[in-house]
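Dropping the structure in here first, questions after.
Each chain gets a letter, A, B, C, D, E, F and G, in the order it is written, and its residues are counted from 1.
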């Protein structure tokens, strides 16, 4: 299989990352923010896989394994925190989770 | 006779053909399963089950009475009914996702079949070749990965219905499916530990699993894994019940407490899609189980298919041998589906907390222990 | 009002309860006063006592007195005067209260007596309650539940007597059911004064019959049906029509004459099945005339008006009222209102209001017939006196509207509002009717309604509530028994709307509201409101009209003072 | 052909990613994430990383997004009213867009000679496994430990312990 | 109330796995799978109607073909769902059953309302209405479910009647008084 | 009402016996029955008119007393006592004997119109039971033989009368 | 043992050869002398005489005649009527027939004396419709007496006027009841009146005070006035003064009428010696001592108790034969003297059939006015008739008894008692025969005389 080019992959990766980042910045819902974080991680894995493919080595792929693992762990912990927060504050909106700020 | 003519077709011909074949085979199979479910449940309850339906014209053909008594035509009637009856969409639902859900249900159900081998034949090269639509290395992983998407249909259906019971059903379903996926995955690892002996190229291919159970006579590789790894088989079996939402794990549906669970608001054709999907899952799941633990298309332990084919002088004709393999395989699958139904009418439904308990506190530790045991055992043996 | 002379009271003791009753009261009535029910068949409070059913047997005793010294003999056990109980049971109906009389109605002996009599009455009585129209209001059935045996010891053949004999045009007799109480015979003899009924044959084969060749055809024959304690006498009209327990009872007033007999209207699901009298000892005792019982047939008569019409075109109430308003406007100052003696006091009051608003003359049509000296008086309007009391008219009405006819001929009257009165019957010719515009409120088709410019269908007396003032100046109320047919409107509503259309302010067409105004404006009715009017009516002060020459003759409980004066 | 597939997947993925960010409905956003991941998995497959593709689907699509949905439904946490972007958000947006544009232009512009595509790395399962258990054994251990820690953390967070109320 | 503590045998390990029970259950269901069927094949086989079965209420004739109902309307009165509607009528004197005097002119039972409680049968003093063995009521319109008098007699037929109350009455009437 | 003048006279006379005319009902009915042999249909109205009553009053009275007949009877009226004292010594047999003799049944007119046999309650001559009242004549101790004899006598009288009337008829012709 | 001597004071001339019922014959035997004397005495004295005599009514109830006269309402100003109750209709009684047939003037004289004593304005003799001859004889006698000035205007030359008319009944037993008789006399159905308020002494005939006396009673009045009340009390026993006429019928050798001093003869003497005992070859079984409504006595039973003799209480233990024939003794043993009609039944009689005969009589004679007697009498008749003709059940005895018990004391007149007492007493004394009738009938010989 011959994907278009490494550049194309990287551009795509960057775009995905940027979208994820934008989401993290603009959304107030912690859950969406989390999803966007995941998006950013996936974008990075895409870059890694592309590199790995174009380098002809498997190190990138192995890295992706680790990232996936970490991401899964992070999601688990993050969601647990969100649940705990929700239990306490009955909301998942970040602008309302401002007790320390005020 | 060879299959090569087929592989000579261009891809754009083969893919639709294969897709069509999947649909044309699986839909009737699922329908047959629903029929079987009705007849088996009836027989287990000392009832005859559906035995009336017949089209007036067919009724003139002699001998059709027996089929009628078996309820064969009920299939057509049911299908016709599901297809043509009014398909209501309640006013309060999220229409897009509501319609999307059954479609999503069908996708993994039909897709997974692609990587499941049904049988084997001896190719012109004299090699035992699987009858499979997409022979990928990651075989089982593909099955798991794709079938895990099935949960979304339940979640979506429940959520889009915008109503109490479907929602509860879908929440239960998501938790249940995630919980049992773990044990399921862990339970099959010993099998692959066993077949991926050091030095091999490493595979998750189901054909290879069957190949490892195709020893002739009293050999170490003629024993089916179901016998060597009963705990794995058991865990896989239980997880399979949970993954296919079958009794006693039909939390998402649970008529008794949730009316109809996730599909409460569904009717007619959309509803039927859910059930076709469920039966497809059952068929594929049974197939995988048979492949993993019951020797696939091999008729008996120690009596592999190619030997039987040889005795029957079928080895030379791949088509016939493939058909024989498929027949044996399907026979096993059918028996397994019968087992599904048998269990359904035997065991009561677990309570939701029991389901979670079993999943996390019983099955998962057992699967981990099993894995550790086999890892050590295999390491020792192979040393 | 004349204060009733206080009757001599005597104290009697019934089942241990002391009660003072007027002398001459019999034991059954006295017991009723203390809430003790003495079962009976032949006894009827308004008829003579014959004591032949033997159901009302009671134990009787008098305080013991020493025959020699006349000193009371005391019972040492109780410290009270000893009672000498008569060993034989006595009939309650034939025993009048005397001072110190003691009565026991609940002893085993009495129970035994009643059970015995019940059994005897039932042995020859056909047990055909399923087909008997009396079922549900049958004394025999009633007492059988209390004193019946529950099974029959009688295995012989029952006496055979004539069935479904037509005693008269309205009464059917089933002799097998007759328990020979003779109430009907006594009624015919004593009240209706038409002695045609009697028993023939003897013993258990005695048979009630009408003399062959005669009929029980008097206008009170249906009262025999009412008083028959069993289903022997049944109303031919009501026979086999409906079981009584389905029927709803509504208190009403007989409208056939100014006697104002109190009635009960029996209806089911909007359909009237029969009318029976209601006891009012000051007016009609427990009787009423047969003719009044058939009035319910007008409710579903074929010629009932049910369509509002303006100039022969179907219309709506509001349009009709508007049309009437225009007619009134066009002929202002030349309007006459013909009220009705059949309307209720409330309607007459609103009629008066309407007439005042129209500045119209008012008149009433009298309907004089001959009185039968019992319960049908000569004045066949039920509420002539209501019109006097409300001030709708000040003089007695005439049978012919000659004044009005003359005014029409003279062109002084251009519009007539007729409230239920047929002007042709009141002496106006068709030519005269053609000259004027008529606004007609009524229930049935007649010459006037055909000639009217505006026809407004109204309710019959059974479909509305209201009050009538009878010949004694007794104001009595009647209640709505059945819903009116579609298309008809309450008279009060129409009158109020018509009055409003002419610009007058009238109370809303609601009885309570109308009565508030009536009480405020009419001194004679000042203390009355519709709701607290007793069921037996209230006597009004009649002095303002005492000198009017009323046409009524003597009837039951009524002696016309004024006419007596004029005669003498 | 591959280009065509790649472009298709790329566009699909980006569209779904945008859907995640801009969807008001949290559930819809999660579903968009799911599709997005499927798209990425497709790209992986195009990049000959079949195993990774299925693992991505299996882990992300099968478990993580399902978990998201589960939590969304459990908390009934619908997307809040979207407020007009604040000054910070606009600034961040502009900055990010700028960065992105720069990167895209730079990369797209760098139309240097396409590096010769090496042979696809060993696609069997054995190869990455070999790497994992040899060269990357330590990271693997660390990640395993991380997973354990995470699991404990989740249990602690979601379970109510007696006397540990202050933790939450 | 005394509380009696019952000590439970602790489950053995095997029992706690629940597997023997499952196996036992499977055995039971399998046994039933092969056992003969209990189902009655309805249209071909008909159930034996037990005595006292409460099917569709019907009207009956006596053995001489006289309609037993005298339209006393007690069933109409007692009917809890008000399914019965009777229009009473007199029997003309030239009728053979003239001595009964009364019969229903119309008798309607709305089977959509009927709850098969049997009170009508119980209350009937003439033993004219019976909940018989007819158990299937079908129809295409609401009107089809209103059984009129003719239908009720068709369904009810003739019921053997031991006492001949009305015949005795007629005989007495014809025989006259034994003075 | 075709009454003989003598009867009418008696009727007028008997009414004067009572201060209230109604009391004469019974005597009047007796007189009419004696005259005509029974009480024909319009009797009630005639008597009621005579006594200023309602016909039903008379009708009631007629039906109450069993001695009043509303139908013609035979020429001779045989009343056999059936009450206890007579029955004890053969009243039933006597009655049966009469029935047999005249080929008729109690309560009916014999076919030849000669007699009507009635089985009646006590005739108040129990000491000489069984007793039979033939028209106004009381016959005591009427056993079967005597009944036969009485019947024979009646039959003989009837025969004689017939013969007589036959002769009369013949002479008329 | 010789038959006890009869003492004929009323029947003094009955069956006397040569004694005719016309006035000359009566006058020859001293007729109307008493009347002639009586009209010279103050009426109250005559009443007192009668009161003193203790004369009890001979109609059946035995009510003291003097007391009855004393009850008459004399203050109302309304005319007083006297009615001679000659409606002798109690089965078994036939004494009045002979007085009226053979000695009518005795009755007329007694009546006139009573009329004079009570200042009666008008008297009627209500005679049974079944006695046309009697009526004719009475009318004849009255005509004679009227002509002779004993009846009618200015009797015996006094200012006192009183006429007597004969009124014929028409076959209704109930006319023997005094209010029924009054109703009948008024020209109505003989329905007895309710008492209160319609006591004949106050509201009798035409709502005027009325005296109703039996024929025999009035003849006794003549005797009392002739001989004085005290003399009368010496006849018979205390409280049962005078003579009594016994009409014996049924199964005895010599049935007929016999006049004895009251209480001076026992049942046994009457039946065995006076009447010659049972018919040949038979035995007495039962006897009804006072007309068919009296309670029956069964031969062989014993009556025990105490009775008053003078001032002392004396024990008695009687068989049927030992019972003295007077009102009190018969009343004491649970039956009654009644009108003196003694009906004797011997062992050929079946009691069920006898009762059936009696019940048939009473159901026929019930006036039908009040419920218990109207329905009860017919029901009892239907039961006994069914027993005799149809199937008899063992429970019929109890049923009959129960039905009979529901009648007496609850009716307007005494007919209720009259019709229920036979049944009650038959069942009480011959219950075994009733219970076993169904069996007995199967094997029974044809009765000597059928009774139903």
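Just so we're on the same page, a contact is a pair of C-beta atoms (placed from the backbone, for glycine too) under 8 Å apart; a residue touches a chain by one contact, two chains touch by 3 or more.
The structure displayed is predicted, hence computed values, not measured ones.
Asks: What chains touch chain A and also chain B?
Replies: The common neighbours are D.
Asks: More C-beta contacts across F-G or across C-G?
Replies: Taking the two pairs in turn, the one with more contacts turns out to be F-G.
Asks: By C-alpha centroids, what is the most central chain here?
Replies: Central chain is E.
Asks: Can you check how far apart chain C and chain D are, centre to centre, with Cα atoms defining each centre and the answer in Å?
Replies: The separation of the two C-alpha centroids amounts to 95 Å.
Asks: Quick check: how many Å separate the C-alpha centres of chain A and chain E?
Replies: The answer is 72 Å.
Asks: I'd like to verify one number: the distance from the centre of chain B to the centre of chain G, where each centre is the average of its C-alpha atoms, in whole angstrom.
Replies: Averaging C-alpha atoms per chain gives centres 116 Å apart.
Asks: Measuring from the mean C-alpha position of chain D to the mean C-alpha position of chain F, what distance in angstrom results?
Replies: About 133 Å, centre to centre.
Asks: Residue numbers in chain A touching 2 or more other chains?
Replies: Residues: none.
Asks: What parts of chain D, by residue number, touch at least two of the other chains?
Replies: Residues 51, 55, 63, 67, 74, 127.
Asks: Note the residues in chain C that touch 2 or more other chains, in rising order.
Replies: 157, 159, 199, 201-202, 205
Asks: Name, in rising order, each residue of chain B that touches chain E in their complex.
Replies: Checking each residue of chain B against chain E gives 40, 42-48, 342-343, 345-347.
Asks: Report the residues of chain D in contact with chain A in the complex, numbered from low to high.
Replies: Where chain D meets chain A, its residues are 2-3, 6-7, 10, 13-14, 17-18, 20-21, 26, 29-30, 33, 36-37, 40, 43-44, 46-49, 51-52, 55-56, 59-60, 63-64, 67-68, 71-72, 74-75, 77, 79-80, 82-83, 85, 88-89, 92-93, 96-97, 99-100, 103-104, 107-108, 110-111, 114-115, 117-122, 127-128, 131-132, 135-136, 139-140, 143, 146-147, 149-151, 153-154, 157-158, 168.
Asks: Under the stated contact criterion, what part of chain C meets chain E in this complex?
Replies: 126, 128-131, 135, 157-160, 163-164, 205, 239-243, 245-246
Asks: In the complex, go through chain C and note every residue touching chain F.
Replies: So the residues of chain C in touch with chain F come to 195-202, 209-214.
Asks: For chain A, which residues count as touching chain D in their complex?
Replies: 1-12, 14-16, 18-23, 25-29, 31-32, 34-36, 38-39, 42, 45-46, 49-50, 52-59, 61-62, 64-66, 68-77, 79-84, 86-88, 91-93, 95
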